[in-house]
Amino acid sequence: MRMGEWVPMRQFRDGEEIDFVVVGTGAGGGTLACSLAEQGFTVAAFDAGPYWRPLEDFASDEMHQSKLYWTDERIVDGENPLQMGSNNSGKSVGGSTVHYAMVALRFRPEWFKARTLLGYGADWPLDWREMWSYYDQVEDDLKISGPVTYPWGPKRPRYRYRAHELNAAAKVLARGAEAMGIAWTPTPLATVSAPRGDSPPCVYRGFCTLGCSTNAKQSVLVTYLPRALRAGAEIRDLAMVGRIETKGGRATGVHYYREGRWRFQRAKNVVVAGYAIETPRLLLMSANREFPDGLANSSGLVGKNLMVQGNQAVWGDFDEEIRSYKGPPSLAVTEHWNYEDRGKDFFGGYCYMSQGPLPTLWGSTQSGAHGLWGEALVSEMQRYNHVAGLKVVSEYLPQERNQVTLTGEKDQYGLPIPRITYSWCDNDKALNRHGLGFMGQALAAAGGRNIWEQRDDTCHLYGTARMGDDPKTSVVNGDCRSWDIPNLWVCDGSVFPTAGGVNPSLTIQAIALRTSDRIKASARDGVGGRA
Amino acid sequence: MHPVTVLAAVAAGAGLLTWIAAGRSKRLGPAPHGGRQAPPDRGRAYGRRGAEVTASAAQRLNHASSLLAGSVLFDSSLEHYRGQFFNRAMYTPIIVSSITLASSLHGAGDTDPGRSGMRHAVQAVAGATGLVGFGFHAWNVGKREGGYSFQNLFYAAPIGAPMALTLAGLLGVAAERVRDADPDAPRLAALPAGKVLALATAAMLLGTTAEAGLLHFRGAFQNPAMLIPVTLPPLGAAALALAATREPGTSQADAKAAMWAVSAMGVAGVAFHAYGVARMMGGWSNWRQNLIDGPPLPAPPSFSGVALGGLAALELVERHRSLSSPRRLHAPP
Amino acid sequence: MHPRKDHFPGYDVLAKRDTPSWNAKTRAVIDERLAITPETHRFLDKAAFATLQAVAERIVPQPSDRTPLVPVAAMVDHKLASGEHDGYRYAGLPEQGEAWRCGLKALDAEAQKAFGAPFSDLGAWAQDGLLKACEKGGLTGPAWDGMPSDLFFKKRIIPDLVRAYYAHPTAWSEIGWGGPASPRGYVRMGFDRRDPWEAAESYPGHEDEAYAENLRVGR
C-alpha cells in the first residue's frame, strides 16, 4: 500500500452466512484466507489488532512499536515460565509476520516422521515431498532472498531473490563456523534484496522485529492480504473473537467484539488461526452444552503439548566495531546441528543465527539474563557497538504438562485470561548445554572475548491443537480439520506435533496453502467445505 | 578541507597536467602520408575527425577510451567512497582514470596521424593499473568468509570492475598505435588492425556482459529490462566476430548498427539505473544511501565505450584497402 | 568492567532528527517522549514516585553533570498510567500497577526498618544494599503482602527501568547507536565500517577526529 493510498474492500453483513470465517490473519490465517478467496470462497478474516499502514504508521522506535505485540495479560508459570508478548505474539493484521525476523527455513524432511525415523516426538500426517512443493510455492509468493545454493537437505529450487549482504555480526558467525569446520550460509529471508512491485529493497535499517516501515519485508500484511482483498475477501480488523457457536455438532459462526459491542457473524466454516495460545484459548472458551470440555477437544489435547523453541544465546566482545544494529538481525545461519545426528546426547536439533538487538532489548538482556545493573550495566552497555552474539532456534520436545489453560481472571473483553505453564524436560536441558557449549566455542574461535551465556530466552509457539492420524491422540487431521467438528479447522503453529529446529513461519504458510487445496478438493467432492 | 574535495582537486589537477603534457591539440592539417585525404570541411574548423582512416579510427578509439575512463572515474569514486578508502590503494583508480580520461579526450580531438608518446604511456599505465586492481579485487573476494562464493562475488569488491580501466587503456594504446599504422593496410601487433580490434572488442563486450550479468543476477533480474545488457551485447560481439571474417571493403552496416545499438543501450542504462535509484526506499531524496546502494549510474556507459571501440574496428575493417581495389569513399576533389 | 566515559564525543542522535533517517511518525513519537519531564507522575503518589526515582538512580545511574536527565521514573509512571502491559506476568506477581505500588511501599518500609529513614533519603551504599537483598529475595516484611521481592526486582524493577532508560535518545547517544533509521537505513555493514550518519567512536589519539565526525552526523 502506497503512502496515502486507499484500497477498496468487500464487507459482509453479520447475518450473511459466508463460506469461511478465519480467526487470525497471520502466517496461517492470512495465507489461508488469501488462498481460499482466490479459490472462489467467500471469506472474512478477523484480527483483534489494527490494520496498519507501515509507511505512515511505523516509527523507528522500539518502545512505540510494541503496539504490534499481543500485550493483553497472560499469566506464566511452571519451572521455566515463558516470556510472552514481544517475541512470539502479534496483535496486528498480518499477525507475527509483521514483526518476525523473516527467517524462512524449511523443515528437515525426517522431522515429518520424527517418531519413526528419529525416535522422538510424534509423526506428522504429512509427507515431506508434498510439503516440499508447498514450500516452493510460499518461497515464490514471498520472493525469498536466499543463497544461490543451500548447503543442507534435499535439493530445492533456487531462491527467487539473491541473499542480502552480510553485516559484521553475520561474518562473526561465518568465521566461527569456518573455524569449527561446519557449513554456514546467508540466511534465506522474507525481505527483498531487489525491488518487487511496491516493495523497495531492504535498506538495512535493522528494525525488522519492530515492524518494517519500508514494506521490504514480505510479511503476510504486504503479500497475501492485498491478494486476498483483490480476490474479494474481507479483513475485519479490531475484531476480537471470543466464542465459536455450534449447533448440531457443527460450527455456525463466531461471536466477536468490535466497536464497543459483541456481535455474531454467521459462517459455514470456521478456521481458528490465533497461534498456539489464542487458538486453544478460543476453543476452550467456546465450551458449551454440546462440547462441555471445549471445541474439538474429545482427545483432551486442546491446550496440551505446548512447545516453544530454545532461543538461548552466547554473547561476546570484539576488538572490531560490529554495530549489529544494521541490517536484518539474522543474516547468517548454520543448520549443521539440524542435519548432523552424530555427537548428540539428545533428541532434536538446532540452528543458530547471528543477532542484532536494538538498545532496549540489549539493555533488557544485559540486565535480565546477564544480571547487570548500576554502573556495571551502563558501562557495559557502552560496549554495544563491539558486541556480537549467536542465538539458537532449537527443538524442545512435546510434553503434555506444558499447556494453556483458562484462569478465573478476566481481560478487557471480559474473557478469561490464559495461564501458560511451561517446564523443560531433561532432553531440553541436554540440548541447551550442547547448543550453548558449541556456540561458545564458535564465538571464541571467531575472536570473541568475555563470552557469556544467555539462558532464559525462548521463541515461537506450537502444539496446542496438534495434527495426527488418530482422533485419540490429536486435535486435527492432516488437513487441519478438527476430528470432532467437520466444519471447524485450525491453521497455525498449534497444529505442529513437533517443533523442529527452524523458525516456523514458512512451514505454517506451506501448511496453510495445502489446507486450502484440501478444502477445495473436499468441497469439490461435496464433503464438508461448502456443505 | 574535506578529504573528498582534496581528492577531486588532485584528480582534476592530474588530468589537466596530462592534457598539457600531451601537447596542444592539433587541428586539421596535411597528413604526413600525403595525398589520400578528404578535403577540409570549410564550414567547421573543429570537431571533424581526421581524414586518414587511421586517424579517424584512432579518434573513435579515443572516444571509446574516454567513455570507459569516465565510467571508471565516477564508478570507482562512488564505490571507493562507499568503501571509505579503507586501503590507500583505493585512491589509485580515481587518479589514473582521471589522467586516462584527459589523455583520451586529448586524443579524441587530435586529427593527426602519428602517435603521442605521452598519451601512449598514460594509456599503458591505465591498462596495467586495471590489471593490478583486478588482482586486488580478486584478493579481496577470496579473503572474505566464504571465499570465492556467489555471495562474495556479489558484495565484496566487484571483481570485474577494474578491468574497465584496462579496457580503456587497451583501446587508448590501440588508438596511438593505429595512428602510426599505414592507412592503406593498418596493422596492430603485426596483424590486420581492423580484425584484431573487432575480435578484441567482441571479447571486451563479452567480459562486460559477464560483469553486468553477475550484478543483474544479484538483482534477480527483477525488471525485464535487466535482461537487455546480457542479450544485446553478446549479439553485438557475434556481429563483430562475423565482421572480422568478411572481406576487406565489404559493407559492415549491420555490425555498425549493432554497435550503435549497444552504445545507445549504455546511455539508456543510465536512465534505467536512475529509475532504479528512485525505486529504492526514499528515492532520490535519500540519495546519500541510494546512489551508492542502488544500481550504479556510471556503470552502463562502459558498454557504450566498448561499442565505440567496435565501431573503430569496423571502420578499419571496412576501409582496409587492398591495393587492387580503389577507395570508393574518397573521390578526388 | 570498562569505566563509563564519553566514547562518542559530540554525538547527539537528535541531530539527525531532520535528516532522512527520521520519518514523520518517528519525529512525532520521540517528540512526545521528550516532552516527559522528570517530575511528571500521574499513576504513583508522591512518596512512591520519590522512591521510584531513587531506585532508578541506582539501577541506571546518570552522570551528575548531565542536563537534562533521562526521566526514567517518569517514563515508568507514564507506562503504568497508560496501562501498556508487557503481554505476560509471572504467576507470583500481581498486575504491574499493583506490583509497583506494593513493591515501592515495601522497599520504603524495609528502609524505615533497617535505617529509620525513607528509601529515597538513604545513601547510595544503603540503597544498593537493600536492592541487593531485594534481588536475592531476602526482603520478606509484611508490606510485601506475599509478593516475592526477587520476582519484583527481576520482573518489574529491572525490565521496566532499564527499558525506559534505553528508550531515551540521551541513552542512544551514550552507547553510540545510530538511532531511528527510516527511510534512510545503512550502507556500510562490515567490520569497523560506519556511515557518515553514524556515531564515530573515539579511539586514543583520535578523539578530535571522532568529535569532528560526530558533529557531521546531522548533515
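Each chain gets a letter, A, B and C, in the order it is written, and its residues are counted from 1.
The rule is short, and it goes like this: a residue touches a chain if its C-beta (ideal position, glycine included) is under 8 Å from a C-beta of that chain, and two chains touch if they have at least 3 such contacts.
Computed from a predicted structure; not experimentally measured.
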| item | value |
| --- | --- |
| Most centrally placed chain, judged by C-alpha centres | A |
| Centroid comparison with chain A (C-alpha atoms), farthest chain | B |
| Chain centre separation in whole Å, for chain B relative to chain A (CA means) | 52 |
| Chain centre separation in whole Å, for chain C relative to chain A (CA means) | 30 |
| Inter-centroid spacing, chain C versus chain B (mean Cα positions, whole Å) | 58 |
| Where chain A touches two or more other chains at once, by residue number | 165-166, 171, 203, 214 |
| Set of chain C residues in contact with two or more other chains | 182-187, 193 |
| Per-residue multi-chain contacts in chain B, two or more chains | 281-282, 286, 289, 293 |
| Touch list for chain A against partner chain B, complex | 143, 147-149, 160-163, 165-166, 171, 174-175, 178, 184, 186, 193-196, 200-201, 203, 214, 216 |
| Residue ranges of chain A touching chain C (in the complex, touch as defined) | 56-64, 66, 69-77, 81-86, 89, 165-168, 171, 202-207, 213-214, 320-323, 325-327, 358-360, 362-364, 366-368, 373-385, 419-420 |
| Of chain C, residues touching chain A in the complex | 1-5, 7, 21-26, 28-30, 33, 58-61, 84-91, 95, 128, 131, 154, 158-159, 162-163, 165-167, 171-172, 174-187, 189-194, 198-199, 201 |
| Chain B - residues contacting chain C, complex | 82, 84, 86, 281-282, 285-286, 288-289, 292-293 |
| Residues of chain C that touch chain B when the two form their complex | 20, 182-188, 193, 195-197 |
